[in-house]
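See structure below.
Labels A, B, C, D, E and F are assigned to the chains in the order they are written; within every chain, residues are numbered from 1.
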């Protein structure tokens, strides 16, 4: 299987915040955004794998700014690293207010997906070959994020998380 | 403001997995589940705060088992700790297959919410007073999870995360 | 087939009233509530039968109080009686206003369901074994409600409705 | 206020049964149909009242035939009687299978609505003036159905339901 | 195959404009209306063909008047001409404001559909036999509209569009 | 008001074809695609105008290839010309099949939008300044398309459509 570059899985999604996506003070509900992000990330993962994929995990996501009714959401997704049968997808989310034209970064997030064949069995995926400096940084950070996921899921002992320990000595998280 | 027990915010939600919630091999999409979990958690947070709440963050969630079309999802949510103007909500998710009657634990997760007044400003919330041994364990673990959130959001230096370090020396994660 | 108690089919559903569920003066539309009630009742019936079920009827439902945008709806359902291939499910619905914390009883209702096998043919269901005094009262009233359904559907002559006549001589309706 | 004929509120709605409206053996779920019926009936009531209306009750509805994915549903609604501030709407529902062209009567039902002004207070509605023999029969039967609703809601003693007693001595139910 | 009259495919759809169908100043979004029109037209085409149909084209649609939240939309559709394996459906759309009772013509449109068998292959459809003067005018205009479609899709040279040229010398467009 | 280039309104939307978007042989329904295209085009128009916009018209759209359940739809939109208070948006739509990786052009279309202020009155919009050869060709063709719209809406006499006549003497339509 030939490796692929991140730009081959680059996916952009724009959504309009409609009334049913908001609470009674017209703020976008977090779960609705998580749902859109999952669809954008799944499309990106599918472009990389040419396979049906299922969500395996979502990393910690924080919502910094309220997003309002009528705003335009832009979600950009691309695969940041491939493992044997799974991929990690990096997401960047912006919210644009139309009358003012202001656009703020709303979220960054990582979703992981497992690739499946038509019988629902896991199947190997193409390697990711990062090209730019940013893509290489995301690729390298993926090991650290994976260790944190495994520890939080009770599947790895903290002592074995050699990569993750870097997190606690001053490195950037992404 | 009088403190409240976790059972006052206890919320149960049952949902049926319908075609639009699934991918082409009939597995529930992760984003749809994250959306339902956010609604269940928001209802729980609102019961505790008697206020409109907005999602502030969701912690790492992993999806262990495929959930299928036609399954019944049960989500249980209750507030695990209150901070000054925010609450952490603990979620437990099960999936039940109807013909076989089997029911599997699908997820555990933590969502946090900020309470707002009618003008969208943050406002203090009642304290949480845990009662059972499990509730006290969740209450204690909340500090550790909060430190991890702050580090991942770039708002705390790892060195200051005194509670979190316990995570890396063999304690349970919840 | 072993009998089951009502608590084995006990189902709780919480829903948030969103803009699309309401009319232009922000009242929940009745049909949306009937839809949610059907899903909650179907989940309950499926837990009892371990079968796919289809709605056979809904009894008279009245809507006493307006339910508002942003309210939290709680629906509780449990099987009140099983017949040969069908079950009657009792529903209780509450609406909670978040800022005030007030919670009012909104509805009581009965839905009936027929159990089907994978080919869409009716199939016998387990007996219901009521345990509490309330459950026994619901179980006994089921015959009366069934006769009213049959008369209203033109399938029974009023003269043969021996149980129903009690309704017209002062008994409780549930 | 000038009286109106039933044809002024005559409303026809056609819907296509889509995947999300069905269960796992491709039968339309009853709650989805009740939701569509409520919208059709509300439109009809609004045409009669020229007011916002809210659902006050739905009478016993039975589902005789399975309706399948891809079928076309036709709902016809018209006001059958007006009371002081409310109306009763009669609904007839058909399901058409496209390849075969067969069309079966699926349901008959009665929904009642209360008319509200912009402040949510009840307000008088125009009289209904039935014109055809069928419309007069529906108009006359409305009193009987109203008494049954009041008894089932615990608002009338059975002994006072003089009109309803006719139901138990051989008259048609509609 | 026996020919059919337009009234055999006559389809009426009523929809209520709900919050999610509108933009932030409470106007119905055009795309939502195009979606409803497609469903109404597809039902009409299916009644004529007794086959699954897929949309082949929609002609130029203009939106003259804003339609508001809470309005009742009425869509009428009927087949205006059948070709070998396809049909043209004519749509008329009105919007009714409930408190005022005013009803305005919102749109006229033509959608075309291709009939398919269960394997997704095109299949011949019954002829349309127009009966009234209006139906004959729609039937005759269909050739002209078809030529415009073919030119716009790059499938016909303008010089060959003998029928269409009439459009540019003063005839009515429908 | 400063003019804007087409790239400032460039909008990309990716959507996954889900069960409710398809008919019973798993083909995307045309109306659903028209709805997505309207949202993508409205976002693009809003980016250009920094105003709320409403759909004024959609030009003839033809659907050449069936799009299947599970396909990824990519919609690209950008403003092709601005008039006094309105803009024309050009759309290009592709459908990608995931397992095969094949991607086909599905549609081209033009939607027009009118810009409104908060009181719903039309308001002037910035000029469009095309930059590339393709953008200039789209800009020039806009007059011709506008004349066709006006004729089809009965607002211009064919004899006055000087630009449009070019269409009938062999020019490309876009």
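As a convention for this text, a residue touches a chain if its C-beta (ideal position, glycine included) is under 8 Å from a C-beta of that chain, and two chains touch if they have at least 3 such contacts.
Note that the structure is a prediction, hence the values are computed from the model and not measured.
Trainee: Kindly list the shared contact partners of chain A and chain E, in label order.
Mentor: C, F
Trainee: Among the chains, which is located farthest from chain A on the basis of C-alpha centroids?
Mentor: Most distant chain from chain A: D.
Trainee: If I compare contact pairs by residue number, which of E-F, C-D or B-D overlaps with A-E on over half of them?
Mentor: That interface is repeated by B-D.
Trainee: Could you state the distance in Å from the CA-based centre of chain D to that of chain E?
Mentor: 30
Trainee: What whole-Å value do you get for the distance between chain B and chain F if each is reduced to the mean of its CA atoms?
Mentor: 42
Trainee: From the C-alpha centre of chain A to that of chain B, how far is it in Å?
Mentor: From the centre of chain A to the centre of chain B is 20 Å.
Trainee: In chain B, which residues are in touch with two or more of the other chains?
Mentor: 19-20, 23-24, 39, 42, 52, 70 - these are the residues of chain B that touch more than one other chain.
Trainee: What is the complete set of touching chain pairs?
Mentor: So the chains that touch one another pair up as A-B, A-C, A-E, A-F, B-C, B-D, B-F, C-D, C-E, D-E, D-F, E-F.
Trainee: Which residues of chain E touch chain F once you look at their complex with the stated criterion?
Mentor: Within the complex, chain E touches chain F at residues 23-25, 27, 29-32, 34-39, 42, 52, 54-64, 66, 111, 116, 118, 120, 148-149, 151-154, 157-159, 161, 165, 167-170, 173.
Trainee: Tell me, which parts of chain D touch chain E in their complex?
Mentor: Touch residues, chain D against chain E: 11-16, 39-40, 42-43, 46-47, 50-52, 70, 72, 96, 98-101.
Trainee: Can you name the residues of chain C that touch chain A in the complex?
Mentor: 18-20, 69-70
Trainee: Which residues of chain D touch chain B once you look at their complex with the stated criterion?
Mentor: Interface residues on the chain D side: 19-20, 22-24.
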